[in-house]
């Protein structure tokens, strides 16, 4: 079974059962962002995690096998995303990219924030003027090696 | 004076005086990320803010005027950034874009996180296994209007 | 059912029954532009709206379910549209983009017109020299936040 | 004098004198959107209009000559605009393009809205929940010719 | 029936019956270029035209219905055409584009040649040194509106 | 002297003297489209033609030399032209490309219309409903060689 | 039958029978490069040539019909070819393009080498230091027409 | 001195002295295609070759030094060349690319024709029906290594 | 059988049997990188190698035939790879490309490292601070030929 | 001083003095690949390293300051490099990308080879059949974090 077929099956079943990503994540004992990424084909589950996921959703061993395959990552399918929600993150990179670079270099020296040793959290902050999305990225600083 | 010339002058002077963005931000009484963005030509200062900035750095009225011009935004100059630090943010959008979309829709319904009514913070979290970059994005949720 | 399949089914049925978007919109009690956008897979219906739509067109619950899914937006499928009608809007952005930017900044300061808290209307204005298309875009002004 | 040099000179002088596009438009007796487009190098002035413009701004005959040259149009310089304000119009074309096409065809038949026999207006609509930008596009419907 | 399927069916039947576009056009009483464009999915037939076309070719009502649908135009499917015959027209635009612009502006002022109120004719001019293709484009001049 | 500098000088002088391309062409005894193409850097003049051109416009031997250089052709500088007048020709290729291909093949067999052994004419056809631009392309048919 | 299907069938049969392009070309009495191009969907066979080809390979009349259709040419499917063998020809154009242009203009004047009235030959030249591929392109020089 | 400046100087001097590439090549004792490539900044001269070149053209030691620098190769500056002469070579790759690949593999097995251990020759073949350009590419066959 | 179908079958069977590329390579008596490349459709097996491969994996003669076909190479399917692991190699080319060029030219003169007469090895180097990937590329230096 | 100006000055001086990158690296006590990368503007020197570099080359403090600035990395300036030496590395990524991904995942699990905690070495291996370039990349394996 192809990874994209597994994603389709997982999302379809989730819809049929009226489940949330949060509920699946709770059943699995992992953060909902990571679990969603794994379902979307962007992260790799252990055998046990895959087993729990398909058990919870009532899916078969082929889906569990697919979830353990290391996927070819990249979920958006366009260089510049067209979907407005996803585009805003492209815009943040375009507008604030040099600012983030300047600040990280000032604070840490030459290097990057890892997107691999990396966690992503999304929270809702209620606000009478309109609720706010709070996204936290936490990535290891990797200094450039000299040799 | 063109906005890019003002940016060059500001960065040159900052370097000559051995200043940090943090120091400039403190003198100005604003967050260092926003101040850096303004210096990079991505945000607009008020007359008072521009005045304080050039006074602190010992620059002229022409730079202050440029800082009050609403800039044509976009700092990266490439659709897919080549600089490794900035590229990682492009990668995060490519890999986690559909995940972020799914989670925000699950938490908030149809709409987006604003990149305008938006704040960005960058912190260093010390860690014996390697310090971590913690980036917090805080944007108003804008629900799609129906009509 | 995929969102694009639902769009195909809806358009096919509309054609078979010789209906207009306006008639569907009237049955639904919403503006015809918004209803067309929802049918085209660019907006999300409530359960009640989806129910009314499929009842009016004689379609099934699977189409209604699809209409309530938050879609991955973007209808054109090309960066520069080739269809002449759609291209003219690309041309307007290319030719008048800096003009619109200058005027909005003069009238409102630094910020943008929202494309989310946003309405679009299309009217016909009869004219003996050739009828005219009148498009009105009404979007909330979002000032850039400082922090 | 190149058209882009004339644009630079006009904008510089406008800034020095603290003028608005509206004030220049009033002096010229034309709509401020069209006058801004002409200054931005996207429309062509008559000799009289160019004369009035340079007289009002205290500029020379070379600028007046440039304003009468038919320009090579296109102000944005990127296929997908990066500036957030201009991008939102690209997004509207991407998201609502097929909707606008469907509605115009339903109302007018096969053809397009002209971007040449075309007017553009920008208004501010005050609103306690946040002022709104109202943009009106008024273009002649051009039916496809059969032969 | 999708428009592209109708095109396939029409071309297949034309081939089977050994017909020319000219013969179909004659049966329909319209110019062969326009009729070919309609078959290729680039123009819209009236009910009567579609009826005559399918009757002449012995095809069904579903093809006739498709021919009356206003198509999403654009036949080439590549920004820079690779087919050598079609590429030559791209080359003419690239090489002679600024020349055509200069001459039309000299003869007509600021405006464009319409590609909508537009006719295209293709003739063979016999020549002992090699026959010549003579293409005539006839489009309404549309002057830019001022407002 | 670079070819683009020669083009600039020629256009500047033409403007200063209030000349038309037609007048220059008449002085040279060649068609105005070809002469404009040569001035725009898309065709090569003989020594005599270049001499006559600079003599008529009062320019120097360096311009005459540049006009005799075989240029690197391509006047538009963008794959998809943004200028609305030039774009319409791109649109014609996109919309009518497969139609033109089908008709030329039906009339001539496999081969192309040359864009080298090629002439281009532009005429104004007066019309009370709006003057029309009539463009005639006349290119040798080149049959594909078999071997 | 689509042209690409015919190509698939022809290549499959060739493989099954262990034939070479050279053998097919010999049976057909034409050069192996041209015959391969026709099989690859880049050239058009006469009825007799198509007949001989399918007879030799034991294929049906539908393949013969497809071989007589004038194809939409372009075999590579990428602007910059990724296959290393094909890429080397792209590289030759990129590296030696201006050299070839300079030499052809020096030898022939302004014009091009035709890619239509054109033959291509490929030979093996044995060499103890490694055999060599010798490709000969033979195209008619087409001088730019003046008018 | 930058390599591009050296190219400019060499071409300018060649023009002033009315020399051909062939004459320069003769003075140098090398093939005119290679010498032109070196002048165009696509090949590297030895000290002696560079010396002879500048002596023949009356240029200085800085040009000779530049000719000995290994250049960053690539002369065309566009992925798809716009100049019609150079484009025809791109077209040959696009149309005949898979044919050339099939024939070379049939004759030599898996591997490529080197574009490095490679010679290029351009000849004129006189023909009463129009002279022909004959280009010969001679590159070492490099078989793919297995390991 | 298409090459991509063979790749799918091979990978599926490998997964079902829980085999590693290393195990397949051992059975075949070749290096695991080369064997993986052949399975991925980037290298060509001899009849004997293909036979051994399908025998080891229990697949049919059609897969063996496909493995002997010379493939159209290029495995990534995107100009800029999105998968983070593959992207890092693109990044290395972008960041260190000019450095590698300068060093190879300093050590070897004008020429390239062959990617055809080329071997690739991947090793794991254990390290308490985190294991390291060691990739060795070994390609023949090909000096540019002069002629 | 801009980083690119420093690079120009450093390369010019190196040329004038007939130095190699190896000699500069020796003076500096660092690996020649890293030193070349720093000179090319892709790595950041410490104050002491920059000091030694300019002292060795007889350049000023402004160059030393530039060498300590963290650069905006990316040396190639094109998505697909045109220079044949650099292109071969792009080709290796395109052809062997999925192979490298499969092998690294088999050996290490899900994660990437770092291009930051990374060393690059280039050696010459003499060989009577032609010397070989041996490139070794040594990067830390970074496993994907789960959370």
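Per-chain numbering from 1; labels A, B, C, D, E, F, G, H, I and J assigned in written order.
Note that a residue touches a chain if its C-beta (ideal position, glycine included) is under 8 Å from a C-beta of that chain, and two chains touch if they have at least 3 such contacts.
Every value quoted in this text rests on a predicted model; they were computed, and no experiment measured them.
S.K.: Count of steps on the shortest touching-chain route from chain E to chain I?
M.R.: Graph distance in the chain contact network comes out at 2.
S.K.: Counting one step per pair of touching chains, how far is chain F from chain A at the shortest?
M.R.: Each step joins two touching chains, and the minimum needed here is 2.
S.K.: Counting only C-alpha atoms to place each centre, which chain is farthest from chain I?
M.R.: Looking at centroid distances, D is the chain farthest away.
S.K.: Give the chain pair, either A-I or I-J, that is connected by more C-beta contacts.
M.R.: Spelling it out, more C-beta pairs touch across I-J than across the other pair.
S.K.: Which pair in B-J, I-J or A-J has the same interface as B-C, with over half of the contact pairs matching by residue number?
M.R.: Copy of the B-C interface among the listed pairs: A-J.
S.K.: I'd like the Å distance between the centres of chain A and chain D, where a centre is the mean of that chain's Cα atoms.
M.R.: 42
S.K.: With chain centres taken as the means of their Cα atoms, state the distance from chain B to chain G in Å.
M.R.: Their C-alpha centroids are separated by 54 Å.
S.K.: Using mean CA coordinates as chain centres, what's the gap between chain C and chain I in Å?
M.R.: For chain C versus chain I, the centre distance works out to 48 Å.
S.K.: Where the CA atoms of chain F average out and where those of chain G average out, how many Å apart are those spots?
M.R.: Chain centroid spacing, chain F to chain G, equals 32 Å.
S.K.: Specify, in ascending order, the residues of chain F that touch 2 or more different other chains.
M.R.: 33, 72-74, 76, 79-80, 82-84, 91, 94-95, 98, 101, 105, 111-112, 114-118, 142
S.K.: Per the touch rule above, enumerate the chain pairs that touch, sorted by label.
M.R.: Listed by label, chains in contact pair as A-B, A-C, A-D, A-I, A-J, B-C, B-D, B-I, B-J, C-D, C-E, C-F, D-E, D-F, E-F, E-G, E-H, F-G, F-H, G-H, G-I, G-J, H-I, H-J, I-J.
S.K.: Within their complex, state which residues of chain H touch chain E.
M.R.: Against chain E, chain H makes touches at 80, 82, 84, 87, 91, 94-95.
S.K.: What residues of chain B sit close enough to touch chain C in their complex?
M.R.: Listed in rising order, the residues of chain B that touch chain C are 30-31, 33-34, 43-44, 70, 72, 98, 101, 105, 109-112, 114, 116-119, 142-147.
S.K.: Enumerate the contact residues on chain J facing chain I in the complex.
M.R.: Answer in residue numbers: 20-22, 32-33, 36-37, 40, 42, 73-76, 79-81, 83-86, 88-108, 111-115, 117-118, 120, 122, 124-125, 127, 129-142.
S.K.: Help me check something: in the complex, which residues belonging to chain A touch chain C?
M.R.: The contact residues of chain A facing chain C are 15, 80, 82-84.
S.K.: Along chain I, where are the residues that touch chain G in the complex?
M.R.: Result: residues 65, 69, 72-74, 76, 79, 115-116 of chain I touch chain G.
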